[in-house]
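Below are structures written as structure tokens.
After this come two complexes, each holding subunit A, first together with subunit B and then together with subunit C.
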Partner chain A sequence: MLYVALAVRAFRRYSTYIAATLAGIFTNCVFGVIISFTYIAVWQQNPDAGGYDVTDALTYCWLAQAMIMTVAIWGGGAPDELAARIRTGDVAIDLYRPVNFLGWWLASDLGRAAYHLLTRGLAPTAVGALLFDLRFPPSMAAWAGFLVAVVLAVVVSFAIRMLVASSAFWLLDQAGVKNLAAVFSMFFSGLVVPLVLFPGWTRDVVMVLPWSAFVQVPVDIWLGRRTGVSLLSGLAFQVGWCVVLLALCALVLRRANRKVVVQGG
Partner chain B sequence: MSLIQVENLSRTFVVRRRVGRFRREAQVVRAVDDLSFTVDRGEMVGYIGPNGAGKSTTIKMLTGILVPTAGRLSVAGIDPSRDRVELTRRIGVVFGQRTTLWWDLPLRDSFELLRRIYRVDTARFRRNLAEFTELLDLGGLLDTPVRQLSLGQRMRGDLAAALLHDPEILYLDEPTIGLDVVSKGRLREFLRSINTERDVTLLLTTHDLQDIEQLCSRVMVIDHGSLVYDGTLAGLHARGSSTRTLVVDLVDAADPIDVPGADVRRVDGPRQWLSFPADASAAPVVAAVAARYDVADLSISEPDIEDVIRQIYTGPDQLRFS
Partner chain C sequence: MASRTAQQLLWGGRAYLILSWMWIRVSMSYRTSFVVLTLGQFFITGLDFVAIVIMFASVDALGGFSLAEIGFLYGGSGLCLGLADLTLGNIERLGNRIRMGTFDAMMVRPVPLYAQACADEFSLRRIGRITQALFVLAWSITALDLDWSVARVLMVPYLVLCGTLIFLAIFTLGAAFQFWTTDGSEAANAFTYGGNTVTQYPLTIYPTEAIKALTFIVPVAFVNWYPSLFILGRPDPLGLPAAMQFAAPVAALVLGLLAALAWRSGVRRYRSTGS
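Let's look at the complex of A and B:
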């Protein structure tokens, strides 16, 4: 099938950059260690911060490192290629092909994510587990739920990155919007500060934003803090954002298509 | 019914220009202006015109990637902007300036992706790929990533890519741009063969008039968005006030030759250049010269099509719009 072929192609393409992958893993590990010691210090002061114990916190830290590239928290992946093709005008060729435009890029990004999960995801997690005492999913349901949650996290992130990249249809360059989006993403995904640590009502707010689907939801499933109905509602939350954001993408792309076809780019 | 029908086709673009520091002024560019023509199945049509004449814009509308501002358009019975997806299965496009291949993929994988995109059945795909590999000499290139291909190699890959799904029509927008003489020759040969063997209708734009001379029985000239000529290449010669040149080598240097029906353009020692109308016979001129002068040698040079085209492009308005 075309979309599988696209995903495989993306996977293979990323797998040719071995040096970059190794360097990236090393960086993730260095940051993992630094943040781990920070968390240890925080949880020594307050052993029950955010309802996490120190093991939960350390697990969170390493899983977050594992998610950076997999979920493309900083941006990047397939939508970056799209933005480049918009700038050069090559996107007209893509729009002209008899395939689903959004599906095309999503397949490609899922292939990329699979590669990053197996390398930039697995390796830091393994290193973290060697260096620190981490928690692992307590049940098969948690393992399965986590994997599904990661896939959904990638799709939510994809949709946001796609919206950012689409801005290039009007602005010609996505750079400014992308930087802004990266700041939002870093902060609201809980990459640095777990969302459970946000005080009072701010916590309730950040928990319903789409970025909480990136790290917080998958990690809570991994830790066994979401089981049964709570696990399902976590996944449903992600699915909900997937639907909303992909619909928004489709809408924006339709307008973009009109702009290219009717206004001539 | 003609395969391609274009009736009163127009396309305008609104361009915003900065005037002064803050003010922007909308300006309307008429890229294609009330264009009408038809192309029949099996034709090979050359579409020429100066830079910015509207050639690419026309091709974009014919493929459906640009919506016309006004006019009617039918390609293989399909309205391109309405049923673009349906149309993409019946036409092929090659943009000399862009590639439809994937930079990071070996040529073979690009073809494989296109097979899936156009849902070409495997047997047909294999047959076509084998044929194009042979005709375009792609054998040694199939496993090379596109980014490592030279321009000429990439262009051959793009041609194969555009034809894998057996389109009825192939549009080529400057297919020979940047190619060397040998590559151009091969490419033309290939185009001729798909036109005769596969009955593919071709519409190509180019700035290389040799493409037209060697391939197209029909040529359309567009300038400022309007058709200024549509007919045979021979007719185009007649259209411009084009001349042929008789080069005479006399035995001795002499005064300018004086014969009826020809004017001396240049004298260089014993050699003289005489021009006479392209549509007049050379025989009486040659006979008159030979009768009155001691001639060592004679040669005739055909009119330069580029001159003719240049005249039309820059010609007076009555020539342009008559």
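Let's look at the complex of A and C:
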């Protein structure tokens, strides 16, 4: 119950900034249009590039724009707040709360993600569907699978951002690490170029990295390219990374806990 | 009168340089962080081009342009944006400053406001993006087999100068916009970074109406597209008169005047957050 309350509060906190949300949606849509035309140019040349057709590619483009904030591909969200609290020393208060530390921040981040999904996720998708011919999930299973996949994507992303934020326990400032993490995340999530377009063996590599859980897996479920066993294996892939990364988070936090020195005595 | 304006401009420029130098020294006191962030910028923007290269694993031309030609467009646009971003990229923090009330502190200093806003936390690490764009531009020039007449050679610095001026004006417009909506800084990204992304590709991939809009409404086509048509010896897909290929200063001037107007009326309109 506590976690739900936390998530609700995070949701409300983010919903205060309406102008910022509208400005963000506008920007996502502008980029959606630009990238759509580059994809149209690619698939005009090669109608079957990466095994996608042009409708798949356009759907991918707009869903990717919808995921940017929801999955926090560029970073940010609750772990950013944590990093700031590590720097100021406020984290001491978080550490002696009688609540699971990871759970506390995860709940907050899920609340944020819910807000971003309903605004910065839904709006660009609707705009994209108005401007271009997009594909929608062909079955109830695909819809349900997609929703689960988005939640799992947020958790995988949360765990990675949490590891980055935890670096502040040692470095005090997460800026450099965060920057580097954003590079990996942006590129390997397939935000710029769909992972299916990666040539040869590089495609196999990027497909098993945790970042492919951000956009590629949810979108393939949405497109109906993953059904039955393949849908389940996609979700299992995400769950696998969730478990591994969250366990790593817990481990890192345990070590941090032992060495934490709060500034100011 | 004229000499007073000139004097003020001179003082503004000097103040800008002093403030920027101060921020450079600040960033140098965290040297590791500076190196990491600069390299980060280099690689982030670099991966942008890698993405285009990956697309070319599936196709051999986009909008009728080869990878080397797109490299030229990409490098030109990236260089202009990078230079503008280096000069006044942090002007986009204006909304934040208005919200926090620190903009008031800038207003009472005896230094031109615009110079302060431009130099605000001047980030030398942005040379990361500039270096990357230069690499791509240099590669494309060696990969392209162009007949380098004097006019074409001269067109390159002409492109960089005008393109940078256009982006400077767009950054200023985006910042001025924040006098009206303090939270809207992200919308400006659609025009600055969006303008950069649009012009990385040959405009032939967009519908004709879009090319017209990018020429006459948000004139980012003048950043690199029209000058590059001249350098690459390509016909204009819109069939516009050849003079368009040299018209970038006109676009820069119009945008610059608009930006100055917006900035001035924004500052006039500003009423602090109050309490």
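Everything that follows uses one rule, which is that the second predicted complex is superposed on the first by the 260 of 265 C-alpha atoms of A that agree within 3 Å, B and C clash if a C-alpha of one lies under 4 Å from a C-alpha of the other, contacts with A are read in each partner's own complex, and residues count from 1 in each chain.
As a convention for this text, a contact is a pair of C-beta atoms (placed from the backbone, for glycine too) under 8 Å apart; a residue touches a chain by one contact, two chains touch by 3 or more.
Please read these numbers as outputs of a predicted model, since none were measured by experiment.
Partners subunit B and subunit C, once the complexes are superposed on subunit A, both fit on it without clashing. In the overlay built on the shared chain, the residue A:90 is in contact with subunit B alone; subunit C does not reach it.
For subunit A, the partner that touches more of its residues is C, with subunit B and subunit C as the two candidates. Within the superposed three-chain model, A:26 lies in touch with subunit C and out of touch with subunit B [touch as defined at top]. In the superposition on chain A, contact of A:193 is made with subunit C only, not with subunit B.
Residue contacts after overlaying the shared chain place A:232 against neither subunit B nor subunit C.
Centred on subunit A, the angle reaching out to subunit B and subunit C in the chain A superposition, using CA centres, is 90 degrees in steps of 10. Look at A:50: by the touch rule set out above, it reaches subunit C but stays clear of subunit B. Residue contacts after overlaying the shared chain place A:98 against subunit B, while subunit C stays out of touching range.
Put simply, subunit B and subunit C get as close as 11 Å, counting only Cα atoms, in the superposed view.
On subunit A, the surface touched by subunit B in one complex and the surface touched by subunit C in the other have no residue in common. Within the complex formed with subunit A, the residues of subunit B that make contact are 11, 13-14, 57, 60, 63-67, 81, 84-85, 88-89, 93, 95, 98, 100, 102, 104-105, 109, 112-113, 116-118. Remark: subunit A residues 17-20, 22-24, 26-27, 30-31, 34-35, 37-38, 40-42, 45-46, 49-50, 173, 175-176, 179-180, 182-183, 186-187, 192-193, 197-199 touch subunit C in the complex.
Contacts from subunit C toward subunit A in the complex involve residues 32-33, 36-37, 40, 43-44, 47-48, 50-52, 54-55, 57-63, 181-187, 189-190, 194, 197-198, 201, 205-207, 210. Taken in their complex, subunit A has these residues touching subunit B: 1-2, 5-6, 9, 13, 89-90, 92-93, 95-99, 260-264.
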